[in-house]
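Submitted below is the structure of interest, expressed as structure tokens.
First chain written, first letter: the chains are A, B, C and D, and each begins at residue 1.
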Amino acid sequence: MMNMTAEMMNTMTADMQGMDMKLMQDCMEACAAAEQACLMCSDACSGEGMGKCASMCANCADMCNMMMRMMMRPMGMDMGVMMMMLEACALMCRTCADECMMHDSDHCKMTAQVAMNCADACEKMMVSMRSMS
Amino acid sequence: MMNMTAEMMNTMTADMQGMDMKLMQDCMEACAAAEQACLMCSDACSGEGMGKCASMCANCADMCNMMMRMMMRPMGMDMGVMMMMLEACALMCRTCADECMMHDSDHCKMTAQVAMNCADACEKMMVSMRSMS
Amino acid sequence: MMNMTAEMMNTMTADMQGMDMKLMQDCMEACAAAEQACLMCSDACSGEGMGKCASMCANCADMCNMMMRMMMRPMGMDMGVMMMMLEACALMCRTCADECMMHDSDHCKMTAQVAMNCADACEKMMVSMRSMS
Amino acid sequence: MMNMTAEMMNTMTADMQGMDMKLMQDCMEACAAAEQACLMCSDACSGEGMGKCASMCANCADMCNMMMRMMMRPMGMDMGVMMMMLEACALMCRTCADECMMHDSDHCKMTAQVAMNCADACEKMMVSMRSMS
């Protein structure tokens, strides 16, 4: 799937303002994976009465989807908003991963990994964007 | 609708950690209104070739929806994440309003007002949350 | 909020193909209310180990949001897709309300009402659209 | 990413009611790809004044995301709702692909392919679910 996304991104004519496209691809992919893991973890946790984990994962899924969407809309890209949203998303992912790591179930352990990976990808992109300006 | 939302919020048993519920109601309502205005403005702008405005409004709609959802999930509420997301949402709304105000169409002018109102509501909530800690 | 939405809809220049705008307003408002009730009910249920209700409410919230968005995008409105989506949304709302009514908590009872109201609004719009063609 | 999703799905303990998990994996992957292609196509089209295509792609992106989410929530899975939503999603994808194919831009041509692939995946799953009952 991500090959298609990368290929399509390359057809975009909007000015990407010098953004590191490889890092952005990695970040979009990490966001999509985190949304999916969090959706499944939230569902499973809700059946196990783990309301806090279910609720955090629901928030994390929505935020990661939002983050991915922002990167897929180059026409209205704003560097200031993007950097603040990357920071918020990274914090959400780490907070969610911390909660997931408190539980023994396989879905929580896997989600923690995927969420931390997403936080890393958001932070790498922030560092790269800061060095541009 | 918002009467129902307020009434339902009051049935929630999750610990709201001393949050000012009146400000949170106002903020949820402002986010819902901004999502709706931005969705309509994005659609109209896309037909007028105003890609930057259409794209920013699409991002703003998604972010306002995400912000509202976070407030409606008390079970997993995290103060740090909430405050950073409020800041990101307020910045998105102001940036989107600035873009909308550059255009003469009625939908852009109305959306600018609704987006600025949402930015104000998010900032009021941030101030209130800061004073709690 | 909905006054703003109605007022803004009236500034839209896209051809609404003879749609009953009063019914569509009611339907958008009902969808927004159902999204909000379902988000809160899903969160509360997840903390009470009622996984089926939490999961159905999460789906119902997402579908109602999607339905509302489709009505707020007149530029790409397609009658066939709209009618099928209204039918799917009404069924989702009734199925979710049936599940909610099996539980005694206030949030479930209130959500059942709001979801049934949304199903009614979707069905009224379908009937009106059928009589157009 | 999808390896993670498949692996995680296998840890889920909710009763999948005899669903063909391979087809469901394919369908989730096709929905995720269609959401992404449609987001990018909508953004690009909005800058080219192709409002109808931009608007349809925005609806298609939201519906495909919704469809994926429903499959990732086994706890509240309802066969009737799922089948109707698969039908609605397939129709949305075909309608969106038809619109995209009317344009010469690379992003439209690629999105048409990805949307048709998603329609096929939804229809295969519907056929498989019908044969179960």
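Just so it is clear, contacts are C-beta pairs under 8 Å (C-beta built on N, C-alpha and C of every residue); 3 or more make two chains touch, one makes a residue touch a chain.
Every value quoted in this text rests on a predicted model; they were computed, and no experiment measured them.
Interface comparison, A-D versus B-D: the higher count of C-beta contacts falls to A-D. Set against the C-alpha centre of subunit B, every other chain centre is closer than that of D. Between the CA-based centres of subunit A and subunit D the separation comes to 20 Å, rounded to the whole angstrom.
Subunit B and subunit D have CA centres that are 28 Å apart.
In subunit B, the positions touching at least two other chains are 14, 43-44, 46-47, 51-52, 54-55, 58, 65, 69, 73-76.
On subunit B, the positions that touch subunit D within their shared complex are 42-52, 54-55, 58.
Every residue of subunit B that touches subunit A in the complex is listed here, in rising order: 14, 51-59, 62-63, 65-66, 69-70, 73-78, 80-81, 84-85, 87-88, 91-92, 95, 99.
Interface residues of subunit A facing subunit D in the complex, by the touch rule stated above, are 1-2, 4-5, 7-9, 11-14, 28-29, 32-33, 36-37, 39-41, 43-44, 46-47, 65, 68-69, 72-76, 105-107, 110-111, 114.
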